[in-house]
Amino acid sequence: MSDVSTTELMVIVAARELNDGESVLVGVGVPNLAANLAKRLHAPGLLMVYESGTVGSNPSRMPLSIGDPCLVSGAKSVCSMYEQFAYYLQGGRIDVGFLGGAQIDKYGNINSTVIGSYKTPKVRLPGSGGACDIASNVKRIIVITPHEKRRFVEKVDFLTSPGFIDGKEGWKKLKLQGGGPYAVITSLCTFKFDDATGEMTVVALHEGVTLEQVQENTPWEVKVAAELGRTPPPTQEEIETLRALDPDKIYLR
Amino acid sequence: MSDVSTTELMVIVAARELNDGESVLVGVGVPNLAANLAKRLHAPGLLMVYESGTVGSNPSRMPLSIGDPCLVSGAKSVCSMYEQFAYYLQGGRIDVGFLGGAQIDKYGNINSTVIGSYKTPKVRLPGSGGACDIASNVKRIIVITPHEKRRFVEKVDFLTSPGFIDGKEGWKKLKLQGGGPYAVITSLCTFKFDDATGEMTVVALHEGVTLEQVQENTPWEVKVAAELGRTPPPTQEEIETLRALDPDKIYLR
Amino acid sequence: MNTGKTMSMKEAISKFVNDGDTVYLAGFTHMIPFAAGHEIIRQGRKGLVLARATPDIIYDQMIAAGCAKKLMFSYAGNPGVGSLRCFRRAHEKGVPAPLEVEEYTHFGLSGRLFAGATNMPFLPMRTNLGSSLPPENEMMKTVTDPYTGDEVSVVPPLKPDVAVVHVQRADANGNSHIWGIIGEQKDTAFAAKRVVISAEEIVEESVIRSDPNRTLVPDFIVDAVVHEPWCAHPSYVQGYYDRDNEFYVDWDKITKEHEATLKYLDEWVFGVEDRAQYMKKVPQSKIDSLTPKPAYSAPVNFGSV
Amino acid sequence: MNTGKTMSMKEAISKFVNDGDTVYLAGFTHMIPFAAGHEIIRQGRKGLVLARATPDIIYDQMIAAGCAKKLMFSYAGNPGVGSLRCFRRAHEKGVPAPLEVEEYTHFGLSGRLFAGATNMPFLPMRTNLGSSLPPENEMMKTVTDPYTGDEVSVVPPLKPDVAVVHVQRADANGNSHIWGIIGEQKDTAFAAKRVVISAEEIVEESVIRSDPNRTLVPDFIVDAVVHEPWCAHPSYVQGYYDRDNEFYVDWDKITKEHEATLKYLDEWVFGVEDRAQYMKKVPQSKIDSLTPKPAYSAPVNFGSV
């Protein structure tokens, strides 16, 4: 499997976290690949919903944005922007949401707004979009991210999308209807979150990766699950199905 | 004009209160006739909106309810029930609303809920429907009602739809966006409302009616406008156009 | 065609409507699911909270049959005719049983459904102030507007236990196209915990997918799909049949006495097994007179990229 | 056909867009009215508050041209590509001029428009709590839920001075049929004080009236109607033309330097008089590649009683 790219590996691992019959709010790119891969393999009844208001899309090509017309033609339903966020997300009808960002901390808080200070940013990033809304309302948040030191930080410069804030106690006071962060899938390992403290915990290392490598790329002292697992290697079926989804390698670079 | 019925007279007088280019929220029956009459005579650009969400209807027959399918086929737009109340009424886009009820007091407060006490009513009436919502949000409320002693009361048993409450001062505290009651058209006369006090004031007597008759049928001491007018008699054009609207005399009984 | 969630009305009511439930049979004057109401009567459900903006004749019948303990509504009249006599008999005189009321304006009740459908904590609205209603209904509260300091009326979300929503066409899984007066059809389906769709026609999924903007109810919130032509008679279905106005007028006479009302129920509800049998009792001349001439929408091009 | 409110884009912008206005060019990824943005640039409007959930390339261009003093947004990226470089240059470095920001989440900004369209006093929503955003934006407040005692995030209504809403087809008075991703099209039109509709096609009123459920914008809230085919390029119009993704990718290169950006504007905005001239510069092969195959909706029967 040495020819499987890091992106392909992360998509395959993410796809395994989706269950049949669930609803998932999908962004373009990597999350879209993960959802479509799961649908073609073990979760044929996965319902894909996009921020643009399209529900149950049946795309004829790889969508190039969340508003791609291929997500509309042949969809089950299309509603307005406010309706999408109100009926679906606030309605509590979405099981899984995918998020990404420039920074993430050990409680799963995400920054996609600014590097530096808000008023005079060093780098101005796109901002929340629907990310904070998704983080506040889905049952499980899944993050897919390369495991780089600049992305894993002690404290995010700006909290765009709530993870467990400063731990589960503080988070509970917000009374969000969502279930909070569930998994962080990186180029090195899979993290899940400690039930009691809400802290990110390594549950499985990808093939060939050591705990030391994870620690070296993470600025805080990494918590490790009592039973640390190994990510099962991608199967031939997973790899082939995934590559067929993006034959032009638009996202599988 | 002695062959003009009381209902026909009230409809004709009401129609004269509607101006070209205005929007009117129409109920079935008498208000519907008044709006359609105005549209065919002096107000071709009158926009008719119904509680059922139909906008700019083009009915092929006399609608028998506010949800008649003839209000939908050929309408300009149809939206949902919440949308109708939110975008149109609460949106402040309706100039005129017609209301009726079992009781009305001198400040134009209307009861269409119960005769007797609320918990143990002597007569249970249908209730507000959209009446309170209309009263709170349209620029001008017009009431069409037979002038009967049991309908004109010192104090309504139940305040379903706000008029000027206990006078303009009290009413202003509610900060409703609507303009409040504008005219009450009865079988005897037309009332408008005093700018300062918000009290119902006779502005015009119908043909052959005396001020004494109005007072006899009104339990409070009736205020009279400084310049009391006479209702101009219905014209032949008004009568013929109206009768053509309801050839089966469904409402023009 | 896959059978998806399709079942008979009998099965759907038996599976999804329980004694004591808060029930919402949707339809603002349009597509009122009479066949569902009749089946609930036949199955003898008790203690229901009947919620509808306009109770209409269907809830009058369910009240007369003794199904209800409470009516939640905003306009309890026979539209275009007058009173709902069974409702009044129950509420004013306790016949056949006492009936509580929980009352709103149209905006208030449709707002409660919208808030329920979208899971809002509460919904602010410009109405109710100055009216006698809020003191009689503790669910209506006020909040101070943080932008102006003004007092604002609010209502809480309504989430019925079960809803029946009649539609023109649905696929076997419940994706539903609705047109004409869409009333509270969508909000009722999204607000309710269990959803029964009944449809004039069951169509292939491809018909639904040809026009996704018309799909007001998506399948994944639907529990049962019932193919029930003429479900809404004497109410109407845009493009399929007109309102039987004559019956609305007759109902006023039928219900002058409770006994006569029961006789009607004996013949038209208990005396038939289902909607198909009910329709066999409706004269063909009546059916013909209610059938509209076709008037089709101009198609739109969604394109295929 | 009566000419109703029809006029050229030049006339519409000249009449309805003023310096200092809060402007909302509608369209969530879909039907973004580039032709309106270009005309605003050509007419040299200054000091605008540019509001859009997704500023997209069109606001990047208007910022580079110096039209804006403030950006109100929820996602300031080049969708599917990366940054909006002109926005960043203005906000981070003050080139060509400093740019304030007023920022929301998607739910927050679409909620502000919905509240503006329906004139709500304020809108409660389940989001924003725990985020760093509310302390940076004084328009976001909290209210205590009177039913649970919980803290609830609220936003105020947004009522832009002027909106441009592009649609597939409208009649000469502005009744508009919209399909595909309907985004914030309806809410923008209802929220704004002045409304310009631009349309791929102007049709007879009878086409609109054949399907009133598809009319998201009714004529009486519309001030001007512009017949502007290909108004949205490089964005797209469902059923009419596909998104020009290549241009979205190219924009990232074009805008690496401010000077190169101005050169683009010189050629494609100032160098043409209107959208028709702009389209003459687009190669026919590009136009062909963006044209979808037809895929029509199944018609529905509204009936005629």
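Letters are used for the chains, namely A, B, C and D, taken in the order the chains are written, and counting of residues starts over at 1 for each.
FYI, a contact is a pair of C-beta atoms (placed from the backbone, for glycine too) under 8 Å apart; a residue touches a chain by one contact, two chains touch by 3 or more.
Bear in mind that the values here come from a model prediction, so they are computed numbers and not experimental data.
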> What's the overlap between the neighbours of subunit A and those of subunit D?
Replying inline: C
> subunit B to subunit D: how many Å between their CA centres?
Replying inline: 40
> Which whole number of Å gives the spacing of the CA centres of subunit C and subunit D?
Replying inline: 37
> Which whole number of Å gives the spacing of the CA centres of subunit A and subunit B?
Replying inline: 57
> So which stretches of subunit A touch two or more other chains?
Replying inline: 54, 69, 72-74, 78, 86, 90, 177
> Taking each residue of subunit C in turn, which ones touch at least two of the other chains?
Replying inline: 119-120, 125-126, 150, 180, 182, 210, 213, 238, 242, 292, 295, 302-305
> What are all the touching pairs of chains?
Replying inline: A-C, A-D, B-C, B-D, C-D
> Which positions of subunit B touch subunit D when the two form their complex?
Replying inline: 23, 47, 54-56, 58, 60-61, 69-70, 72-78, 83, 86-87, 90-93, 177
>> Can you tell me which positions in subunit C touch subunit D when the two form their complex?
In response: 119-126, 141-148, 150, 152, 154, 156, 168, 177, 179-180, 182, 207, 210-211, 213-214, 238-240, 242, 292-305
> subunit C touches which residues of subunit B in the complex?
Replying inline: 28-29, 51-54, 64-69, 72-74, 78-82, 85-86, 89-90, 113, 118-119, 121-133, 136-137, 158-162, 165, 171, 174-177
> Along subunit D, where are the residues that touch subunit A in the complex?
Replying inline: 28-30, 53-54, 73-77, 79-80, 83-84, 87-88, 91-92, 103-108, 110-111, 113-114, 125-133, 136, 150, 179-187, 236, 238, 242-243, 245, 292, 295
> Once bound in the complex, which stretches of subunit D touch subunit B?
Replying inline: 117-120, 175, 190, 205, 208-210, 212-213, 215-216, 218-221, 302-305
